Structure formats: structure tokens, C-alpha cells
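By written order: A, B, C, D, E and F. Residues from 1 in each chain.
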């Protein structure tokens, strides 16, 4: 129960300085916004082409402006499915981002532990039920699941967003679990205090 | 995503004032120590005889001084098994108590999400593996599981403690999930800040 | 396949004579009624405070007179959930008690093996479905489960009874499985003969 | 909780008188030995060709004299796997046969509820472990499972017997569950009394 | 990744010449029709009485002319349930037979991989859902499952056929997996080409 | 059981002509090599940025030349994990590619149905076991799993490749299942005939 942080993951990771310019630039921007470099960047940066592809997919889904899901709702999908997949990194890191986006200090712990107990709207609960089925039992999805989404006002494009976000973080949950990726210490506390001054802004992944 | 606290649980709960004297006394002591009344007291107090029995079992296990498990280790068992059982109340409330006891602000989130990623000793990992088997697959326990414990220096009496704590919180996990018992807001943040001044002391359940 | 009884459990157990007076008294009463001392008393009596707490919880739930569940229905909940948890001691011991209470020699084997095949009323089947969800998947309980109970005339207080009984025997199932608690030989046959003369009366746990 | 017996199964069943001669003969022999006609005969006799095939497979495996498994051990395989498959008919009917063959009144309840708690030899425990893997996870069987059998003195032909018996009763478990085949009342009590005089002899299925 | 065929199964198998006359005759007929001897015949022929019983059950169900299921529909049940049970032999061999019977070169791969994606009618989908529940969770079947079948025009006798076919191939799936029965090379390609000249005719099992 | 191909997926898909130039170019190259456009391109092309990211991740892993896995071994990972995830599109499409790469017409059906029965080397079996754990239970991976890989000569970088390929196809399995992506008819037959003339070459995804 040491208070020193554990290593980033079971693989050695590069320093920011030795990364290709585009990734170095991206990471420095994140660091400036957040105050630290999220460990997922360092771990995936071992393979620059893979980090670039992951970030491209991430941005395509999470920065997509025409989405029917708010930024907080997208993070709700990530935290709930990462809880199902028992991925420590994603639960803690995206839990932090969700707390900041949603200004809801309890929500991430609720979604990660038991989404049925989370303080969400019925419409958000339908979104989460679909996302959890994509994450845990996609083989059993039928048109009835889409109808349930539609009944709560989610469009087919929203369903695509939910599906793809759950699937992309299913990918990062699996990699993070396999490589024992550990969350940065900063994430654990971020967004929990009701009105923290000078709080770091949320960061990507 | 309101910031008002949700109700204690799906059942109406008594006020402290209307409780039998012994329970009122116990609850007021907890309140004085912690600064608030943990919701589990109010929920179970609907049936005073049941609350008394639960507290008696709780005290017999958690306050037992001759145990080979430290107070923090007992809470580790509770948090890990409550995570397996996806019990929001116990994860959040006992997560708080664990953070305070262990002075380890990251440990509860690790144990609740994926005990294999928790920053614990190999001896504690063996304790957790046994506890998780009691919680999730007790029917399959054999002498080989006890031998694994013994290999890490845990005695037969320690095994009894681990078993009974995992079983007792399996009981409260089931009740809490069934009645939708919600954690007090205070628990979410407790013990997270590295050196909080005037931090509330840990409370029972 | 010896015909000698196996040991009580994997732990040494005390004799009745060496127990604290209150427990000795309680056990002697049971012995007088049943003709023998159920093994669970001896096993838990290794830790008197824990046995007292268990009996207090047991009595609070099973002797509660204002319950909407009959004594036989409470035992039905115990036998069905103990079957799900594959707990030999509780299936055999409470199966015996159920046979005597319900004067139904086939019912316990049915409930322990497959509750869907048991000769029960639709109202009792709804009670069992709720109990089995508490035992096996409490995290997924929602208001729809309570509505299903209500549709069969079960009140919210009845739901609490069902929940707490399933949860308490989830605790004893886990302990009994972990410590390999074996049923007394007498339980296997009790209540099976259609009209046994001088049949022992049912006993607690 | 009536004391009248429930119907044989959810399908109408023929009377013995209207069956083809060979099946009528076989059933009358069983009835003479056991004192009653086991319900499985009546249910499968709806389709004489299927009953004939089932009995042929049954006899080929259970009456095979050169087998390394004793008659009691074959019934142990049936009861344990039927317990896993939660088949009421087979647990109760073959439980009765096992009690009579093994002269072990506790054994069937133990095997049906939790084979790990059954009073068997280590060699029989290895046989049961293999049988339960055939019943529940045959896709995962590897040569290591056969080596484990061999280590306890079971031959390759014994392994074939165990496999085929577990597979055949997996078939009857599925049919019995689907058609709600109910055990004859006589089976529940058979073989339980330590020294019953004039006890009916065990019957096939 | 050799192109030589692997052995029939983990047990030595007899040659056709050394088999009892009735089985030899049956196998030679199959060989004439199909152009080869399916491995299941050789494997089960190690125990002639068992092969006879298996073939009798097989014929009683699959050659039953009054069935409400077409020959292709019976094979659909076999392929889908064998896919669930992950039985290589039955998926490949009965997949071949299904392709030929149904003149549907894609159907077997669909059913074996994910029956919800198969190009079948809603009525066939209902048949498959029932069959998959028999194969995977027969203990949970209730009258509601039969009502769902009836809603799609399946009779009680059809339900019996579906149940028994799923149960019989549950038996052969378990045996085939346990003994590592390998499909004949010919089965992999059979019925795939849109209009193969001189294509072998489908064979039993 | 029509012989017309089903629609690409449950969403409308663009024509190649209307795609952005880079994707149009990529797809035309694939079409020239394979003789048809694999449906996954059309489905994901509804969202060009997502298709680009998917292809970038795909190429980073599958075209990575310094990998310790051969092209065929990478496809083995994809087919086995897609079988576990019951993804029709990936099983059929990557099964085709695997058959061509490995010149092994039986291998894909074996891996998709039951990898334990596949004709692979022990070293490949270890690779598949790790991949299946990433796909199905990544939360439980420990250093012991890496040691098992190392024992068969797989390096840490190979483990990363296996992990990432299993994770990426876990993503496409989930999307394909959710949107009901159907394989092109051509894939079903590709690579099956021992010596097909003018056989199309394997294509990406």
C-alpha cells in the first residue's frame, strides 16, 4: 500500500521527447490542458502508428459534433462499459473526465459499479442498456434493441455512435487490462470536489 | 444529473429520533464520529431486530481484535467482494473507510474495479483471491484453496475471518442492491485527498 | 461410501458442554425438540459472538410473526436459493424442515433441483423467482421485479422478507460451502414418510 | 402443495396396454421388479421407436458387464450430471437407484447438490470431475483431462463409459426438463431408510 | 497446417471389414451414397451396441416422415445447436448435409456462427430459438416457450421433434468433443459450390 | 433460404462512387485484387473518418512487417476470437483470407468452431489461448499468461501483437454484430477448393 505511483504498464514506455513530432505535439497539448500526460498516451506511443490510429478513431467518435449524444453522455457510455469490462484505467481516467463534463461528482462511481443505480434520466438509461449489450453480448442484439432506443428518442445515427464508442473502448479495455495499464494518480481525485479552484480540465482518454 | 442526493433507498426510512434507544445511541455515536449517519443504518433500522443482528455480526467480525487481518485488510475484502457483487453502497461506503484506514487513496477504486490490478502485497492478493471465491463460487472451494492461503501465511482462523466477512457483505450487497440503497454523498470523497485536515474518521458500514 | 457420518466440518468444533450458557441453553432446547444437535450450531459455536448474531438474524426473519409469508414459504425460499448456491447443508437441513412444515414430502427435492418444476402455486412461484434473483443476480433487480411480486399479492414488506431471507441464507450457504459443513444424518430422512409416527419436530437451521 | 401426484409430463401418455408388445413386455418386467412403472417409460413410449432406441443405448452402457465402473459408480455419474443439468426426474429417479445400489442413503443428495461434498473416494471424485466436464463443458476437454483420469487408475475404455453415460443422460435431462417429466412418488423415498424390509429393487431409469 | 487429414479420433477405430454384418451393411450403403465413410460411424463402431442404438435414435427422429419439420429444418436445428456446443464434427458434417438439403450454400456457416444472423424465416427462427434453449438452458423452459412456438404454427409434436433432435445431438456433440472426433475432409467443401456436377449426396451424420 | 444475397447491413450504405477520394482509391484497389468490395468497407464508409481510423489501425497491426506472427497466424487469431464473439462477418471473411494465406482449407472452420480441435502447432495453440483470453476475459490476464507465451517462444512484442489484434477485432466483431453486417457471398467459398484456378487473392478484412 505504498503511496508511490506504480509503473505505467508492464511494458517499458517512451519519453515524450523521443516521440515523432505529431504525437509529441498532441501529447504536449493534452499535458498543457490537464497538467499531466495520461498514461495511455505513453503506453500506446510504443507503437506510433497504433497510437495515431487509436487517436483518429477516438476523435472521430468523441469529437464528432453532429452527434445526438452530449460529451457527458459519451463518457457515460465509456465509464459504464469499462466497468462491465473491469478496466481500471478507463474507469478511473474516463470517470474523471465524466465528473468534470457532467459536473456530477457521484455519477462515475455509480456507472462503473452498477449502472442500474446511477442517477441518470430514463433516456440515458436506455442508451446505457444498449451500450452494455454491445459491450457484453453484441451477438444477441436484434431490431428490438434498436426499437427500445428509438422509443427514448435515440436515432439510428445515435445508435451507431453508442455502438462504436462501446466497441472502441472495448478495444482499449482489453489492451489496458492485458498490459496492466495504470491510471495516473491525478485522475482518481479529479472532478470530485464540489467546487475545486483551478481544477484541471478534462483530457482525452 | 442533479446534484441533490437521491433518497436513501426504495423503502421509507425512520428518523433517528423514532428509533429504539439502543439503536439511537449507536447511530448518534457513529454520527458524532463521522459527521453524518450512514444510510445503511437508516435503511436497516426499519426493522430494529434485523439491524441489531446485522450490527452484532458486523462487530463480531470487524472489531474482533485477535484477527490475523488488519482493519484495512478486512475492508479490502469488503471492497473487492462488493465490487464483484456490483453493490454501489458497499463499494462507495467501505471504499471510503478503506482509504482512511489504509491511508491509500487509490486502493479502493482498484479493488472495486479489478482486484488483479490493485497495489497490494502477494499475501493480500491471496487473501483477496480466497474472498472472491467465497463471494462468487463458494461451492467450488476445496482444500487446495486453504493450502494456497496457508502458503502465504494465513491461518485457518484467518480463513474463517475472510470467509465470514465475504459472506456477511454478500448479505449486505444483496440487500443493498435489492432495496437500491444509495451511499451518502460524503463517502464518495472521504479519504481521497492526500492530507485532508479535519477529515472525518471512518465509520462502521 | 461408508455409512459412518462424516465430520461436522473442516474445523474442529466445541462440545455443547463447553459453550457459553446462553448458547448451551439454546442448543439444548433444539436438541430436545429435534432429538439431535444440528451441525450448524456446533460449527458456528466456535465463535460464540458470531453464532449469537446469526441466530438473532435468523430469529428476526424466520420467527417474525407479522410476515406475509408462512413458515413453509420461508423455508421454500431457503431451499430454492440454497439449491442455486449448491449448499449441501442448507438443502438437506432446510429441506427436512420444509417437508415437515409443508407436510409435502416431494417439495424440497423439487425446489432444490429445479424450482420451475416444483408443485407450488403461481403466487409462490413469483416469490421464488424474486428470491432466486436476489440470490443469483441481485445487481439486476429493478422496480419491475417488485411489480411482478405485487401482481401476485406480495406487499413491499413481504419483498423485504424474501430479500432478507435469501440474503441471510446466501451468507450461510457461503460459509457452509467454504467450511464443508455436513448435514446431520437425521435430516436426510426427516419428513419423507407420509405419516411417520413420533416424527421429530422441525428444528431451526 | 397437494399430496396428489402431478401428471407424468406436459404431453398425454399412453397406457401400458396400448403399447407395442416388446415395450409392453419390458415395462411389465420393470413394474414387477419395482412395484410401479417409472414415468420415463410412459413419456417416451409416446414414440415407440424413440423409446426403443433410448433403452438400447441405456442398456448398452449401463448393463455392459466388462465396464471398469461398478453399477453404483455409473449411477453416481448420472446423479451428479443430472444435478448439474438441474433435471428433477433424473435426480430423483436415479438418486433412488443409486441409494439402493450403493447402500448409501446420503450419497444421492450429496451428488445432486454439490459433488465436491460427496462421501466418495478420490478415484470416484476424478470420475465425477470428468463426467461433469463432459456434461457442462465438453468443448474444453483435452488430453490433460484423460491424464487426470489415468492417474486415478481409470482406463481409456472407462473414460468412454463415463463420457457416454454423461452424454446419454444429458440427452434425457434435456428431454425431461423440456417436457416437465415428473418423478414417480415412490422414487423420493426409495433406499433412504437404513434397513427397510421388502424394499423395492432398483429399476432402470 | 499439414494438408494430411488428422486421425478419426483419439481412440483407435475398427475397419469396416471387421464390423458386425448389420453395421457393415449400413456403412457400405452410406459409403456408396456419399463416396466415403463418415468418421462418426467408425468412431462409434468401436462399441457396436452403442452405434446401433445411436443410429436407431437418429433414424427415429430424422427419418420420421410425419414430422412437421422438413429434412432441411431438422439439419438447421442440428447445425445451430452444434455451433452452440462448439462441436467441430457436427458443425462440419451436418453443415454439409444442410447445404445439400436446403440448396443454401451460406446457411450452415450462418447457423453455426450466429443463428440470429441466419437467412431463415421467422417461423424457422422460432424453431431455432426453442432448439437453442433445449441445448443450452433446458432447465429454464416453460409453457411460454411452447406458446412462442405455437404462435409460429409449430405443433406440440413438432416441439417434441425439436427437443429430441437438439437433445440427441447434444449427446453426439459431447461425445465428439470428448473423443476429438474429426470431420472427414470431404464434408468441408460439400454443397458449397452453386452447381457442382456429380456432387455426392448427403449422408447420415 | 433465398439465394439472393441479403443487404450489406441494417444501415444504408454509400456507393463507392460517392466516397472521398482516398477511400474510393483504397476500395478500388481491394476490388481489383479480390474481384469484389468486401461489405465492411461499404458499411464503415458511412462515416469516412471512422473507416480511415479503422484501416489505419488494421494496417498498423496486420501489415507490420517486423511481427513475430506470420500473416496466417494473425488471421488465425482473428478467426478464433471472432468465433468466440460469434461474429458472422469476421468468421466468414477472415476465414476466407486465412484459408488462402495458410493454404489450409480446413483450418478456418476448425478455429471458428472450436480452437482446441484445430490442426495447429503447440506454439500456435499457446498464441490462440492468449488471444482468446484477451477476447473473452482480459480482466483476468496475469503475468502467468505471458510466461506461458514465452515458454512457446513468443516475445513480449508478439504478445502485444496478439493482444492488439484480438482487441481490434473485438471492436469489429461488436460493430458487425450490432449492425448485422453480412459477409459477401464470395467469401464463403474462397480458398476451400484444393486447387482452384484463377482464385481471387485474399483481401483486407
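Here is the rule we use: a contact is a pair of C-beta atoms (placed from the backbone, for glycine too) under 8 Å apart; a residue touches a chain by one contact, two chains touch by 3 or more.
Only a predicted model underlies this, so the values are computations on that prediction, with no experimental measurement involved.
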For subunit A and subunit D, chains touching each: B, C, E, F
Steps needed, at minimum, to go from subunit C to subunit F via contacts: 2
Duplicate of the A-B contact set - from C-D, D-E or B-D, the pair where over half of the pairs recur: C-D
Proportion of interface numbers common to subunit A and subunit F (over half same, under half different): same
Euclidean distance of C-alpha centroids - subunit B vs subunit C, Å: 25
Distance between chain centroids, defined by C-alpha means - subunit D, subunit F (Å): 45
Cα-centroid distance, subunit E relative to subunit F, in whole angstrom: 28
Where subunit F touches two or more other chains, by residue: 86-87, 114, 139, 177
Chain contact graph, described as a line, ring, star, complete graph or other shape: other
Which pairs of chains touch, using the document's own definition: A-B, A-C, A-E, A-F, B-C, B-D, B-F, C-D, C-E, D-E, D-F, E-F
Contact footprint of subunit E on subunit C as seen in their complex: 114, 116
Footprint of subunit A on subunit C - complex, ascending: 139-140, 142
Residue ranges of subunit B in contact with subunit A within the complex: 1-3, 6, 72, 83, 86-88, 91-92, 102-107, 109-110, 112-114, 117, 119-120, 177, 180, 182-183, 185, 188-189, 192-194
Subunit C to subunit B touching residues, read off their complex: 10-11, 46-47, 49-50, 52-54, 56-57, 59-61, 64, 85-87, 134-135, 138-139, 141, 143, 146, 156, 159-160, 163-164, 166-168, 170-175, 177-179
